[in-house]
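We just call them A, B and C in the order they show up, numbering each chain from 1.
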Amino acid sequence: MSEPPGAAVSLTEAPPSATDAPSKPLAAQRVLPLRRPGRWIATAVVLVLAAQFVHGLVTNPFYQWDRFGYWFLRPTILDGLLVTLEVTAYSAVLGLLGGILLALARLSKSPVLRAVSWIYIWTFRSIPLIVILLFLYNFSALYQTLSVGVPFGPAFFTFDESRLATDIVVAVVGLSLNQAAYAAEAVRGGILSVDQGQHEAAAALGLPKGYQFRKVVFPQALRSITPNYVNQLIDLVKATSLVFYVSLLDLFGAAQTMGATYPGDIVPLLLVVTVWYLILTTVVSVVQFYVERYFARGATRTLPPTPLQKLRTAVSDLRDRVRREAAV
Amino acid sequence: MRTHLTRRSLIRGLTAATAVATLATGLAACGGDSDAATRTDDAAGTVTVGRLSNGAATETELKVSEVKSISALLPADIKKSGKLVIGSGTLPSGAPPLGFVGSDQKTLTGSEIDLARLVSAVLGLKPEVQRSTWENLFIGLDSGKVDVAFSNVTDTEERKQKYEFASYRKDDLAFEVKKDNTWNFDNNYENLAGKTVSVGNGTNQEKILLEWKAKLAKEGKKLTVKYFQETNSLYLALNSGKIDAYFGPSPNLSYHTTQTAKTPQATRIAGQFSGAGETLQGLIAATAKKDSGLAKPLAAAINHLIDNGQYAKWLKAWNLSGEAVAKSEVNPPGLPLTNS
Amino acid sequence: MSTETLQIVPAAVEVHDVHKWYGSHRVLDGVDLTVRAGEVTVILGPSGSGKSTLLRVVNHLEKPEIGYVSVNGELIGVRKQGDHLKELSERAILAQRSNIGFVFQNFNLFPHLTVLENVAAAPVATGKLDRDEAHKLARELLDRVGLADKETAYPRQLSGGQQQRVAIARALALRPGVILFDEPTSALDPELVGEVLAVIKDLAKSGTTLVIVTHEIGFAREIADRVVFIDGGKIVEQGPPSEVLDKPRHERTRDFLSKVL
């Protein structure tokens, strides 16, 4: 195969500095990007629809935005928000710890541990959260005292269960039991995603078993655990709206209770709740981004840029492009 | 003794085997107090009713003191504890004006709560109100978490199998529809044909409505019954036309109608009905666990309040004078098991 | 640079009548092998001959069904109880491994740790050195493998050859009496093989006991004190490279060499 002689000549013989020559050689020309009118039309349609939606949201009297403003930072709503945050935070941590233990049991060599873990996960993924909460709330009807001691042997401490189990404890225990079952699967998946060679290398170096897990396997597993667990965390934030079943008023419950006293404000109250949940989810997502970025170190050659870095790159790219086009 | 031992060892095994105890012990210190927590009463001897009612009541001060002859009727353990744990099944939404969070947006108030406080004062007990969901109210009575429910509970023969009652108010039910809806109940269930009506799950009015539904079905007519977890979503459905009417306790419906009168979601009352069926006046009653021995002192305390006129003042404060009863009875006849 | 911290006391390895099955498949069929202290042994064999398994039996990543391995006379993974061999606890086995370095075909560096942390991890985790001492040692070792400037890099930012050199430094950090290499250059681009072989050669000269599974015949000829040819889970022949590589006595050895040369 021979190349067309003309092209070969102009490509190879073009002097690099000949930018102001009347007819530029092919190599010095900027490649013109393909125009995409379809994409522009789709963008315009979406923008119009979005504007219409926002306009409706703002102007429709049904939403009563003035009442939204009144309720958004009311102490009763903020108290509810605090309950939501508190219950979520405790349950997220305890759920993850429980999930790690369950995942380790699930991956252990002992068939008993494996079976117990499997049954736990199976049970708590099957039972609706509401039922768990109802059972726990009324636990005192079944067991009046809880005691800590040798199994079937003497008790060291005995608790009056109804005194011990304040509403928030019941809510946290219920959500954690549930959360642990889901977290276990996320953790197990994460551990399995770690290359077998890592386990072998850690073993070959004689690293103690606990060290192997804490410093070698788990940090790598966290990379795939994080997105899964954050998903569950967002579910958890919203699952806290069920805690009124244990006589606890979270964000949603507070709004519901106020909606009964002020029935004209039900819609703005629901909007208040929606906006707060949006804020919570946003915060969790931002944290997720940075956590994932942290665990990505070493896994990729360069870290994904932060939004700020992206913005900076975009601006400097644009500047470069303008400069280039001015020069050409 | 034998069962006691077995249960204790069972509990010990359970403790060691599950994470529940560990988690619970670890968290015992971080439990905050919730809205359902204890509400202490006003200065000794004075009970203020109709507080923070958001316009549903006129605040009225009543002087009440312990009546020894009545408090002597109390079961020993309650007398010894010095407090009366009162259940209010009003979570998550309140049920104004019967039991709801008041206009300070944090205190539980309501006519039922006020009567409970009056009764506690007569009995010389400190009232302690616990808020829960409607279902948990009854489980709370069963488990002993709660001594007595003042929560618009209707006395029915079915409930009598597990609970004992001291009646204090007429049980009037009503239909609520959108303001522009011209439909009326007119004391005739046949008017419900073709309608979609919502009712509280597990309530007395549900029983009544379901029987009408069965009757209509026999005549080849259809009544659709819809349930909502709580009243806010129910009212959203009423406004959007998903349901035609709400069949519920008359005081609640009146409150809602008054409160929303000037809003786009205005409603009106479209007929009333007795909570015990066509032949019997339904009664609302203080509810305690069966054989707890509480119904008798409760009824005596309520009758004391009726006799000294404070009962009437309480009802008047809450604009519920139409629901007054002549006297409190222990376990009066209620909605029959089969209301045919 | 102090060489004292890098001082290694070479160990002798003895493999005694080792049998190993995977299900019904016999991978090692009565292997006896003696590696004297300071000796460089190269194991050759066709793929599936059991050579990698033999290496992994030495540091007990694989348990032999019959037979035993000893390093400097100490049984690995088992102890003698009367006439029987009894399995050691996992903790004890992990402790024994600190005297046996292992270099993998795929490096298996810890990707989330820097190069320095990779090398320093084992001495710290096993309590042999404190953090500062371990970092000092790690820097010396990285210098020795020519990667002093890469200590803050993460493994995936390095070339394959560099990663394998870090892996060798990591194995050296425990100052093991013997280092086992499992096809250390097989996963490398051809132009990167040389730098890794150079490091191994350097180790060989320093008198460390090395057992190397490789396909690099030229390399074997250059550094091996002894070449072991293994096939079908059995040692077919062994001896100095001048004998096994140049004048193989067995048909199978000749056959293998004719294919790889």
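Everything that follows uses one rule, which is that a residue touches a chain if its C-beta (ideal position, glycine included) is under 8 Å from a C-beta of that chain, and two chains touch if they have at least 3 such contacts.
Heads up on the chains, UniProt names are C = Amino acid ABC transporter ATP-binding protein.
All values reported here derive from a predicted model rather than from experimental measurement.
Steps from chain A to chain C, minimised over paths through touching chains, total 1.
Seen from the Cα centre of chain C, the chain whose own Cα centre is farthest off is B. A summary of chain positions shows that the Cα centroid lying nearest the centre of all protein Cα atoms is that of chain A. Chain A and chain C have Cα centroids separated by 43 Å. Chain A and chain B, compared by their mean Cα positions, are separated by 41 Å.
With each centre defined as the average position of its C-alpha atoms, the distance from chain B to chain C rounds to 79 Å. Put simply, chain C touches chain A in their complex at residues 59, 61, 90-91, 94-98, 100, 102, 104, 106, 108-114, 121-122, 125-126, 154-157, 170-171, 174.
Those residues of chain A that touch chain B in the shared complex are 61-62, 74-76, 79, 83, 86, 90, 94, 98, 134, 137-138, 140-141, 143, 145-153, 155, 159, 162, 164-169, 172-173, 176-177, 180, 244-245, 247-249, 252-253, 256-264, 266-267. Contacts from chain A toward chain C in the complex involve residues 195, 197-198, 200-209, 211, 215-216, 219-220, 295, 297-301.
On the side of chain B, the complex with chain A involves touching residues 7-9, 11-17, 19-21, 23-25, 27-28, 30-36, 54, 90-96, 100-103, 105-106, 130-133, 135-136, 139-140, 142-145, 230-232, 235-236, 256, 259-260, 262-265.
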